[in-house]
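Dropping the structure in here first, questions after.
Read from first to last, the chains carry the letters A, B, C, D and E; within each, the first residue is number 1.
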Amino acid sequence: QELFFPSMVYRTGPFAASGIPLADGYADYFTLLNERDGGIGGVKIKLTECETSYNTEKGVECYEGFKGQKPLLIQPNSTGIAYQLIPKVEADGLTMLTPGLGRTSVKNGAVFRNTFNFPSNYWDGASIIIKHLLAENGDDLKGKKITLLYHNSAYGKEPIRTLEELSKKHGFEFNTIPVDSPGQEQKSQWLQIRRDRPDFVIMWGWGVMNSAAIQEAANVRYPMENIYGSWWSGSENDVRPAGAGANGYKSLNMHGANGDYPIFADLTKYVKDAGKSAGAGDQIGSIMYLRGIYEGALAHLAVLKAQADNNTKEVTPAMMRDALESMEVTEEIMAGLGLPNFAPPFKATCENHGGDGYALIQQWDASAGKWNAITDWIQSDLEVIDPLVKADSEAYAKEAGITPKC
Amino acid sequence: MLYREAGQFKTSYRADNQTFPIRIDRIGYFVLLAVAFLVVPFFVTDYMANAVLVPFLIYAIAALGLNILTGYCGQVSLGTGGFMAVGAYAVYKLMTAFPEVNLAIHVLLAGGITALVGTAFGLPSLRIKGFYLAVATLAAQFFLVWLFNKVPWFYNYSASGMITAPDRTLFGVNIAGPATAAWAKYLFCLVFTVALAWLARNLTRGSTGRKWMAIRDMDIAAEIIGVNPLRAKLSAFAISSFFIGVAGALFFSVYLGAAEVGEAFGINKSFLVLFMVIIGGLGSIFGSFAGAAFLVVLPVVLKNILVGQLGWPTDLAAHIELMIVGALIVTFLILEPHGLAQLWRVTKEKLRLWPFPH
Amino acid sequence: MLDAAPTRETVLEVNNIEVIYNHVILVLKGVSLTVPKGGITALLGGNGAGKSTTLKAISGLLKSERGEVTKGQILYRGENTADKDPADLVRRGVIQVMEGRHCFEHLTVEENLLTGSYTGKNRAQVAEDLEMVYNYFPRLRERRKSQAGYTSGGEQQMCAIGRALMSRPETILLDEPSMGLAPQLVEQIFEIVREVNAREGVTFLLAEQNTNVALRYAHTGYILESGRVVMEGTAQELRENPDVAEFYLGMSDKGRKSFRDVRSYRRRKRWLA
Amino acid sequence: MSDTILYAMEVTVNGLMAGVLYALVALGFVLIFKASGIFNYAQGVMALFAALTLVGIQNGQIPFAHLINAMFGTQLHHFGWKVPAVLAILLTALVMVGLAILVERYVLKHLVNQEPIILFMATIGLAYFMEGFGDVMWGADIKKLDVGIPQGMSETVDQITYNLFGYGFFIDTLDIVAAVVAVILVVTLTLFSQYSKQGRALRAVADDHQAALSVGISLRFIWVLTWSIAGFVALVAGIMWGSKSGVQFSLSLIALKALPVLMLGGFTSIPGAIVGGLIIGVGEKLFEFFIGPMIGGATENWFAYVLALLFLVFRPQGLFGDRIIERV
Amino acid sequence: MAQALPTEGWITADGRKIGPVLMEMKNITLRFGGVKAITDISFDIREGEIRAIIGPNGAGKSSMLNVISGFYVPQEGEVWFRGAKRPPMKPYEVARQGIARTFQNIALFEGMSVLDNIMTGRLTMMETNLAQQALWWGKAAREEDEHRAAVERIIDFLEIQHIRKTPVGRLPYGLKKRVELARALAAEPKLLLLDEPMAGMNVEEKEDMCRFILDVNDEFGTTIALIEHDMGVVMDLSDRVVVMDYGKKIGDGPPDEIRSNKAVIDAYLGVSHE
């Protein structure tokens, strides 16, 4: 009797640098549960990694490989793979979670029955940055220039529509600059930014594009404080190569960054010191590792809820789906996991598979070599986001011939 | 002693010209076809279909296409990914614009559209040759990807630029979309693959094929003996792109279901298909299949052995898998520079001589 | 003709070698040769007899054509050459002029010649050798600055031979030197061969189709036919052999035959039924 | 002076600098192509491998630590020492020579006299192998490379241009260093290949392996030599690019930026690499800067190729490439 | 050197009929940068004749053939074919006019079998379109068979049956030359250009080659222009000989006349041949 979780990882390929700590965190979290608690509700967890190299075809192969083994929760960890799997999980009756990635409009649970993307999505993120900027600038962004520097891919394009809406609403000037993958050469983009002198740069980058952008920004002396990255542009990997130049850079995060969370002691004791770390064991506390922990924690909570709701230890993917759909995560629950002040509270429903859209802003302190949260949880502008979600998901429903139901 | 030509006399040129002159080969071929059409569909699992068979069949089409251009006509192309993207986006636009029309027709139309685009990008081949020609095809590769990424019309204005294949049926059976059964996907692709392989075989054994090969082997001499290089090269580009377009259309609509142009049809795809063609054997239909099989199956097998059987960490396995694939490519080339097809031919030749050594 | 008689010492010995291409095509079926030091030895035989293959086996170039010596051995000055690569052999003084010219197309004629002096030697000597080659082949001097790829067939042939001479070898393997050369140039090249042989004691092993000329200049000869040596002897003996005279020299009892007459005395095949 | 002109000048200068960086990678391709007619796909991976090795040595990383740990359950990571940059560079150069020897021994030697496309394919196999090998040896995480090359806006240029035009140009110091290094490399290598005996032999080998063998040129020596030099060039490129954006997988993809440069300059010309680099660098930067915003940006990838294509249509062998011999 | 020749042709000693002028080269000059490969050369080729072109190495003989087949475009001069001035033409258009050739440095298609190589000679005559061939329908298959039959006759004629399916890359030099001849013959040309067809052959093989050339000439009346360095062959076979030296014409006439031409002896023959 085991709880089977596949882990789709990318420890190789162009995004390996982020993929490694992410996968380690996820794995270590489950190792901790097995070692400390003997699994969840007494049932051991079996975690099987499958290498995707962040490549959609390999992702499909992974999925096909484990889909017959009743995977409780699929976390593809890649927007491209997520798009691929959204219709498949539905057809196969499986459950998928894409926290802060994938297709934004899966938030509409009436259309996307088996996929979840809480606690918040890309559009939330974009809106939260603007909200933060509003707060910083006396609630007025009129006449300000904001530039979006984005990874020229599905992921990078996600915030554009939201930001366009927001620029209409708040009257700031908005323009976009794409960077082709991998993006290690951004000279012209930054010369353009140097010329345009936007007040703020929002960056939707990924992989080496992040560090290259921060380096170039430092080179052209664009003030770091005015750059805001997405939560995939805000890990140590992105800022370290630029050294002191990166000091003051800000980014979104959907979970806490600083603080010595109580869970670390357990991780050290049960996992690292026991020689059971998935990786080198030196990543505990890094942003991507924490993201892995968070993904693990969400899965953990869902299993607990499914076990409680169905009064059984044997959980099925369908029970997981139902559990996720009625999941409510509060501060107490997170604190109970050893992660106080770590993640935003949210409540999922049948219509809302995407949570309440909270995230925070963090800032890099180069001399201390750590990220500091500089805001509390900020909620996105749901007035703007929700109609967008509705429009996009309905368009999808129409194309794919789905009748929304809840 | 079974594998002999002796005793099998040909009484007409047509018999002498057939694809499999040796009887046992011919029988083997029909058995293979029968198994592929009549047996496999009953046993194919989702994993087999999606991880191995369907990609194999689709890549085989693309490899056939590239082999026509590079292997038969000698024009090195690194634009395969871009042309597959044309096929994919064409089929997507057609599927969403004319939902009532059969997908098979859309796929063929997508191939036709790709053929037009391919021919246009083939024009520089008249002046630019060899590896330099790669620049023209790379320009196609990067430009097409950029175009599909940039112009929202191509992806029906979706927020992220992703395209998603809607459900489609043929004879009441799902062939595209998530609900498609493994056997249906497999058969749908198989029909295309077999039909196109047959077309490719016909084209390459007749005068068109000879024109292409003449251009490949020595373009000046070919021109002097009466081959119009413009037409020969452009026809190769057109036919090749047609195949690749069909492959791209199937890749998107049947296999992936959703695609993002830079990811699914990037330069890596171009290289992958080129590897297939070279490893399989330039200028060989069989080679296209062998190369596709090698590069689709090998990583899956290695992964299953290293991770599944030996239990190595996935990243280590992935790295070592790369090393093994690389080492195998080099080893094969050293053993037989003309690819798996030639290796196969030499083996057969040895078999024919067996038990005498020469 | 036998005035510059070779010494009795054997410099190159080929013992019963068998050569296979591509693991399957058996080409030489036991060829043995002895090449006397300071002699001119001719290797005669029809198309596909295996002359070029024999020379390539000796110079080690076979490996680069996916051929291998599967039986027998080749001894150069008593040393087995099996494990030597061509560059080693050139350093030991064996150089081959390949059939079909093989000039470096993108290099100029002069650069081509200079590659011949790759293995060592000082500048002064290189200049001297270059002068020597130009004196042998004045046409090359005129074309020295042209890319070899754009010179005529005969010019390329001269270039290839000149290149070999530049390395001051002790043994030259010449593969069809007369091919594509104008008659007086053929004579001239063989004169050069004789001169280099007589003056510097360079050993020659030459594969030749032009039996007439070859037997006039060679001391000894071998006749190969489909991978086997079918006849050997001094040039004199070979010339006087009636079969050789008929098949290789084109002589009949009545003297030289006219090519126009071939139709009447060769069995005529009808190809229009 | 109008702002637009100033911006254009700034972009041009930066394009030149970017071009130099592309040229550094292209140079490695040219060397190997010149010496063997091989289009070495592995050049980018070689740059990555060199940079990984350099960082690994500098930081005293234990090679294959991950593999050893996985097999024996140990927890090895670092030797616990740091190696000074200069020494580390020297050691890495030695490693690259070793690599050249291995490549000759296990790959090239067996592929003498094969068609270019086969050789090309073999280098692809090599690239796969080295990519996996580099990762197994040093790990796939992102690494910071610092050999003490200054980085960031050059004050001097800023000052001078400010005084001249009233607008300070931005130029990255690292780029200036790269440009100087590239010029030195190009000049040395050009002299070497044009005027030395080895240089001539190199071109001979590229034309005809068999004929080269027949005149006594040792392919082994020539190949080890050129692959070593190419390895060294890869190391230089790896250092420059690695200092810019860290050392990780994507470093190997700079090869794609070198391709149009190579084609425009001509596969066989060392000066061609640098001139091609400059043209591409300036061209793509100006295009992206002025036209890019109108058509949605991210044009650099394809524009480089289209630019190269335009040149090739007029000169099919590239600007400085050897004339393609067409004869019957 | 202009001789008054009967415009309608004449009958040779061995009874073959030489017809009117088939091709005429008028004042051809060809330069490559500084190199003058051909300087102001004029000569004609008559129907049914065997016309030899000789000259020392680098004289411009091959270049002349290249001019005829349209591969080199002369800076000056005109080419007349079948009584009309030939407009600028691509080589493949020239081939379609019925001019086929062999090459000095064998230009076979190394990747194909002997049979396929010879079949390429008939490409100009094949007319099924892509679609028909793709489906291998009626006409395409039939056409293939017809041409195959023609090619088989040539194979028989040139006695190369045994190597039909061999890839040409593996053949020895002499056989390659024969295959090249076969490819040229397959085109059923009006005018056949042969560039040193007998280089690298021994006497026996040359005899074979001569026989083929004579047969082709005799049975189809194919006109032949021949470059060859073997004076025996040239003198025995040809009806008229053009001699070139350093791009200039130094002699033109029947073999006997050439044999004793002083300029020709000095520049080329060395000694009077026999």
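Following the convention adopted for this analysis, contacts are C-beta pairs under 8 Å (C-beta built on N, C-alpha and C of every residue); 3 or more make two chains touch, one makes a residue touch a chain.
The chain list, named the UniProt way, goes like this: B, D = Branched-chain amino acid ABC transporter permease; C, E = ABC transporter ATP-binding protein.
These figures come from a predicted structure and were not determined experimentally.
Keeping to the contact definition above, tell me which chains border both chain A and chain E.
Both-contact set = B, D.
Using mean Cα positions as chain centres, tell me which chain lies farthest from chain B.
Taking each chain's C-alpha mean as its centre, the farthest from chain B is C.
In terms of C-beta pairs in contact, which of B-D and D-E ranks higher?
B-D
So, comparing C-alpha centroids, which chain is the farthest one from chain E?
In terms of C-alpha centroids, the chain at the greatest distance from chain E is A.
Which integer distance in Å separates the CA centroid of chain B from that of chain C?
Result: the chain centres lie 47 Å from each other.
Return the distance between the CA-based centres of chain A and chain C, expressed in whole Å.
Measuring from centre to centre gives 74 Å for this pair.
Please tell me the distance, in whole Å, between the geometric centres of chain A and chain B computed from their C-alpha atoms.
So the centre of chain A lies 37 Å away from the centre of chain B.
Just give me the whole-number Å value for how far the CA centre of chain B lies from that of chain E.
For chain B versus chain E, the centre distance works out to 42 Å.
Where in chain A do residues touch two or more other chains at once?
Touching at least two other chains: 11-12, 16, 20, 152, 180.
Among all residues of chain E, which ones touch two or more of the remaining chains?
71, 103-105, 107
Mind pulling the chain C residues that touch 2 or more other chains?
Where chain C meets two or more other chains at a single residue, that happens at 25, 150.
For this structure, give each pair of chains that are touching.
Pairs of chains that touch one another: A-B, A-D, B-C, B-D, B-E, C-D, C-E, D-E.
With touch defined as at the start, can you tell me which chain C residues reach chain D in the complex?
59-61, 63-65, 85-87, 89-91, 95-98, 102-107, 111-112, 114-116, 118-119, 147, 149-150, 163-164, 167
Which residues of chain E touch chain B in their complex?
69-71, 90-92, 94-96, 100-101, 103, 107-112, 116, 119-124, 126, 128, 130, 133-136, 140-141, 143-145, 148-149, 152, 183-184, 187
Show which residues of chain C lie in contact with chain E when the two form their complex.
21, 25, 44-49, 52, 99-101, 139, 143, 146, 150-155, 157-158, 176, 179-187, 209-212, 247-250, 256, 258-260, 262-263, 266, 268-269, 271-272
Within their complex, state which residues of chain E touch chain D.
Listed in rising order, the residues of chain E that touch chain D are 66, 71, 103-105, 107.
Quick check: in the complex, which residue numbers of chain B touch chain D?
70, 76, 124, 127-132, 134-136, 138-139, 142-143, 145-146, 149-150, 218, 220-221, 224, 267, 271, 275, 278-279, 282, 312-313, 315-316, 318-330, 333-334, 337-338
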